[in-house]
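Following this line, the structures themselves.
There are two complexes below, and they share subunit A, which is joined by subunit B in the first and by subunit C in the second.
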Partner chain A sequence: MKLAKEYFADQRQDDLNELGQSRQRSDVPGHVTGKTAYFADRNFPGMLYLKMVRSPHHHARIRGIDVSEAEKHPGVARVLTSKDIPHNVYTILILIQVGPEDEQVLAEDKVRWKGEAVVAVLADSERAASEAAAKVRIDYEVLPAVFDMEQALAPGAPLVNEYHGQNHYMYDSGASRKVRFGDVEKGFAEADHILEQTYLSSPIEQAPTETTGCIAVPEGNDRYTCYTNTQAMFFTLDNTSIILQMPGHKLHMVGGTVGGGFGGKVDVTVEPIAILAAKLTGRPVSFIYSRQEEMQISSPRAAEKIVIKDGVMKDGRLVARKVTGYTDAGAYSRHSPYGAQKGAAHYPGPYTVPNVSVDTWCVYTNRTPSSAMRGFGVTIADFALEVQMDKLARLIGMDPLEFRFINAYRDGDMKAHRQKTEGAALIECMQEAARVSNWPVADRYMKMSSYEGT
Partner chain B sequence: MPKVPVQFTLNGEEKAEFVDSGATLLKALRDKIGDHSPKGGCHQGTCGACSVLVDGELKLSCLVLAETCQGASVTTAAGLAENGVLHPLQRAFIDGFAAQCGFCTPGMLMAAKSLLDRVPNPTRDDVVEAISGNICRCTGYEPIIQAVLTAARANSQNAA
Partner chain C sequence: MAVKRGRGVAAVNYPTGMNLGGDPSQALVHSTPTGSFMVTLSSVDLGQGLKQVMAQICAETIGVPTEQVTIDTADTDTGPHCMGTFASRGTHRIGNAVIQAAKEARQVMLEVAAEALEVDAADLETDGTGNILVKGAPQKSISIFDTALTAHFKLGRSISGRGMFLIPRSYPEVETGAMKPSTCYAHACTVAEVDVDDETGEVTVVSVKNVFEIGRALNPRMVEQQLVGGSWMGVSHALYETTEPYYPNRDHGGTDFNEYLMPGPGDLADTEIIVLERPAADGPYGAKGPGEMCANPQIPAIANAVFDAVGVRIDMLPITPERILRALRDQRAD
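The block that comes next holds the complex of A and B.
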């Protein structure tokens, strides 16, 4: 590893002890000796195994649920339905006042995506739980479903989620999260060239090697310890507290090393139901996703559709940028209203554009709820923006890196969402990238600075 | 559920347990004996996290029935270090940043050990082939491949 000390040398006292040094990971001796304890590396006598009965339909009304045969199956300790959940309709971000509550822990009257949890079966072996789950009878009336964001937003589309009332999230700024800066139409009128492009992405599964799960253990004093591989301990604690209507001091959440998460373990999907089951049975409960559940049920990165319209001058200056971004939340909000909002602030990219207009939409469809994954809301945005930057450079016959130097933001520049740029280092990063890759860049760009002369 | 007795050697120690008929070696090791070093990532033989050696042969313990291991010698990642001294593969994985979340690491180490036991001086292609049944979602594989090659070099220097 090389620390390029010549950059920003005058802004830094050269007393760095850690940067540029190679240090052993503190957890790696445990990893190579098999001693690192993951949540499932524990055994409790009398443990029950939870198997979830899930919707086979994308959108359906539930006319009836019959668990009588499942309850009679040998080894079954308890069968749970929505009636057992103290506060069945929740939404994760209610903790920061992002409502409404729109998702059922166990489906009551309707399922909105294929794989939605309906009935939880608890038995003293995984095999008995699976066999009993197959005996649960659910009477569905299948409803029309919508899988495409454009179709979901069109008039007459099936309503996915009644808690929202329309197939998109309603922000305080209206149907979309808006950023307005300068006068984008004036910018387009003055531009030498205009380029409008549409970018589409598919959902992406995080696919951690360790599947989502937890073990909930009653402590005998009306308190419950939950060993979990959540990536969001306090979201889990507080949402469990709301769903179970149980004060937080009765819930002891134990995290630890997570066997890969990548954002896929940020939702609250296993802990509340496992702790409730432990409470109602008085026994330890293991609820661990099968590989199939991890791939098909856990929330992926959202599919996105991004329309970018740019106005550019022959000399390389970007003068106007209009973006409409659509995030496919699937059937429920989870973290998607936040993800779509993050995109709104991000869309001008690391470039200074004087006229910007951004609208981002969080759209509901009958697909698997999407949620966090590695920079959700901005990663696909960056893909679209940087492909667009290459296309713009080609359009005006300019080197793509030099085109970025011309438009790179610098200290003091006002960004479209009204944050003044501080500590920019894009120009210096591009200079170093040009040097190490021997990419020819004109001298005047190699002499530019993110902060001198601003 | 009917129980069957099973007796085998685990990392040099005699073990005897009653397991459910049809229980996997992975379940016997983790839930009965308490060796949690093999991990269950898929329980269908596709991820390699549960890899162990049975009589020196690399096996996916989620696909092996415990009762078929009667009298066998089983080695897991927990048994790689000897008297507190790390195996060269473990040392190389630490020094080479070949583990991040660590979940695939025990299985990866056993696949690599199986290779080095058979081929002391493997080529890069040998290493890639040897770990091709083991999924890692964090490292991008390159540090793991390099660590196995480093361990092989350390081994052959010690032998010389």
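The block that comes next holds the complex of A and C.
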């Protein structure tokens, strides 16, 4: 790595002592010698193992659940269904007033995606829990499912989530989060060229080394300690408190070193049910996702569909940009309404465009709920924006990097969401990239600045 | 049939912290009787090194060596509220809370030293190695060790501080979308070079040159590990990964690391990292959050490089050999 100190030298005082120094991480010797303790390194006498019975259907009504054979299986301590959950319908962001509550901790009337949790089995060993889980009988009436966002938004599509009432999230701004800046149609009318393109992505997995999990322990003082690898201790505590209708002071979350998160451990999917099981059995409970659950059950990054329509002049100026983005939330909100909102705030990218129109939608389909993952709302947007920039440059016969210099935002420029640009540095990044890759760029662009002369 | 080389570029920015703000983090700092400092948080270290950078921020602010600072975190019984480790917010939000707490603790520390030395606290400075000196008269000094003992056993004072950082929540205007999503943005530009085999559709990433502007590199080696890892993740996202290979079809999803594709050690590109520092006005010592951004620019840079190499656009992620071959077939048919 090179620190390119020649950039922004006048913006900075290099007067730090402890910072700016490459000190060795204090936890590294533990990591490389195998001494670092993770939550699952704990073992408690009498610990139970939780195994989830999951829906084999993408969309089905639950007509009946029979747990009698599972309860009789040797080693089984308890079998939980939705009736055992004090507040069974929740949504994570209710803590910051982003509702409605739209997801059942254990499915009661319907399953909305293949893999949804229906029954939790607790037994002395993982093997006994798995064997008993196979004995749970659930009577399903299979319903039509919808997987494609366009089909989900079409009239007559199966309704994925009754708590929303339609197959998209409803923002205070309507069916989409909107950004309107300038007059995008006027911009298109004036443009020398128009380019409209569609970009798509598939869901991807956070793929942490350590799978999601926790161990819940009932304490002698009527409190519950939960050893967890959550990325957000109080998010987990407060949501657990709501779901279990248990005062917060009865809950004690203990984290530690986490074996990778990348957003997958911001959801609250294991702790509430494990703590409830610990309460109802009086025994410690371990609930740790298998790799298969981590890959297909825990929330992935949402698939997205992004339509970008641009108006560009022959001289390289972008004069209008219209974006319609669709986020495939799967069956439940989790963090997806937030992700779609973040996308709306991100467009039109780090460029100054006088006429912008943005609509981002959060769409429900019968698939694994998507949620937080490194960069969500922005990562796929950047893929779409930057491929589009490449296409636009070639359309007008301009070098792709020089085309970006012409449109790059600089300090003082007004963004589409009506904040003045501060602290811009795109131009300098592109200058250094041109230098390091020997990418020929005209001198006038190499002399530009994000802040001087603005 | 041949292997063809191409290169592509992409430039991006990324907001630091939870979108629209409203995401608090708090910190407490106190000294032990012998002048070590404890920082108490509830924030989670995901392996990126949050504890180390918080120790360095606290040490810088109080004026002690980093070894004298211990981070106690991820416990809701002892640590004050933190919204969580996500949204590229850790260093920025928690770092600012630690600075505020450490400033308050430093002030008490200087007041105690001033009383011991019978001078004015405003005339004191720290030497960064564990001593408090009178400005302009460094022979008149007291160690932080003795200062803490004085506070605990003679003056009955607590050398401690409380820190809090909150960016007020912004609510988007419903018609126009006017809003304040973030207070600072990190930046990047990546140039990727690829070889594309037009017979197999296979893409080999030859080199990835990443330039990142991150406000301030608080610990350059830790910055490097995060940026290199992010760059690798971006390459993986562009070419390999998906839980639903035939999305929106739900079938054929991988369930382990044999079926869920990622680049192995042999697929690693020559990766270059260059860091620029334009300090953020509200960043802790100028730092921004590059944690998410660093995995983004490689994706479009590779997509553009594939086009440069073989002249087909793959506008759906991941860019698999199958998609490239289908596009090449269509290209030949035209």
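The working rule: the second predicted complex is superposed on the first by the 447 of 454 C-alpha atoms of A that agree within 3 Å, B and C clash if a C-alpha of one lies under 4 Å from a C-alpha of the other, contacts with A are read in each partner's own complex, and residues count from 1 in each chain.
The rule is simple: a residue touches a chain if its C-beta (ideal position, glycine included) is under 8 Å from a C-beta of that chain, and two chains touch if they have at least 3 such contacts.
Every value quoted in this text rests on a predicted model; they were computed, and no experiment measured them.
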item	value
First, second, both or neither for A:Asp27, with subunit B first and subunit C second	both
Partner chain(s) touched by A:Thr257 [first = subunit B, second = subunit C, both, neither]	both
Comparing the two partners subunit B and subunit C, which touches a greater set of residues in subunit A	C
Touching partner for A:Asn221 - first (subunit B), second (subunit C), both, neither	neither
Subunit B versus subunit C as contact partner of A:Gln245, first or second or both or neither	neither
Contacts of A:Gln296 with subunit B and subunit C, given as first, second, both or neither	second
First (subunit B), second (subunit C), both or neither touched by A:Thr211	first
Subunit A positions touched by subunit B in one structure and by subunit C in the second	24-25, 27, 31, 207, 257-262, 291
Of all residues in subunit A, those that touch subunit B in their complex	24-25, 27-38, 40-41, 43, 125, 127, 206-211, 257-262, 290-291
Parts of subunit A lying in touch with subunit C, wherever the complex brings them together	1-5, 7-8, 11-12, 16-27, 31, 58, 96, 114, 147-149, 171-174, 177-181, 197-205, 207, 230-235, 237, 251-263, 265-266, 291-292, 295-296, 300, 303, 328, 338, 341-342, 344-346, 349-350, 358, 365, 367-368, 372, 374-375, 377-380, 382-387, 389-391, 400-401, 404, 408-409, 416-419, 422-426, 428-430, 432-433, 436-437, 439, 450
Subunit B residues touching subunit A - in the complex, by the definition given at the top	1, 20, 30-31, 34-44, 46-47, 49, 76-78, 80-81, 86, 89-90, 93-95, 97, 99-106, 109, 135-138
Subunit C to subunit A touching residues, read off their complex	7-15, 19-20, 22, 42-47, 49, 51-52, 55-57, 59-60, 63, 65-66, 73-77, 79, 81-86, 128, 169, 172, 174-182, 184-185, 187-191, 209, 211-213, 216-224, 227-228, 230, 233, 237, 241-245, 247-250, 253-257, 260, 262, 272-281, 285-286, 291-293, 295-297, 299-301, 303-304, 307, 313, 315-318
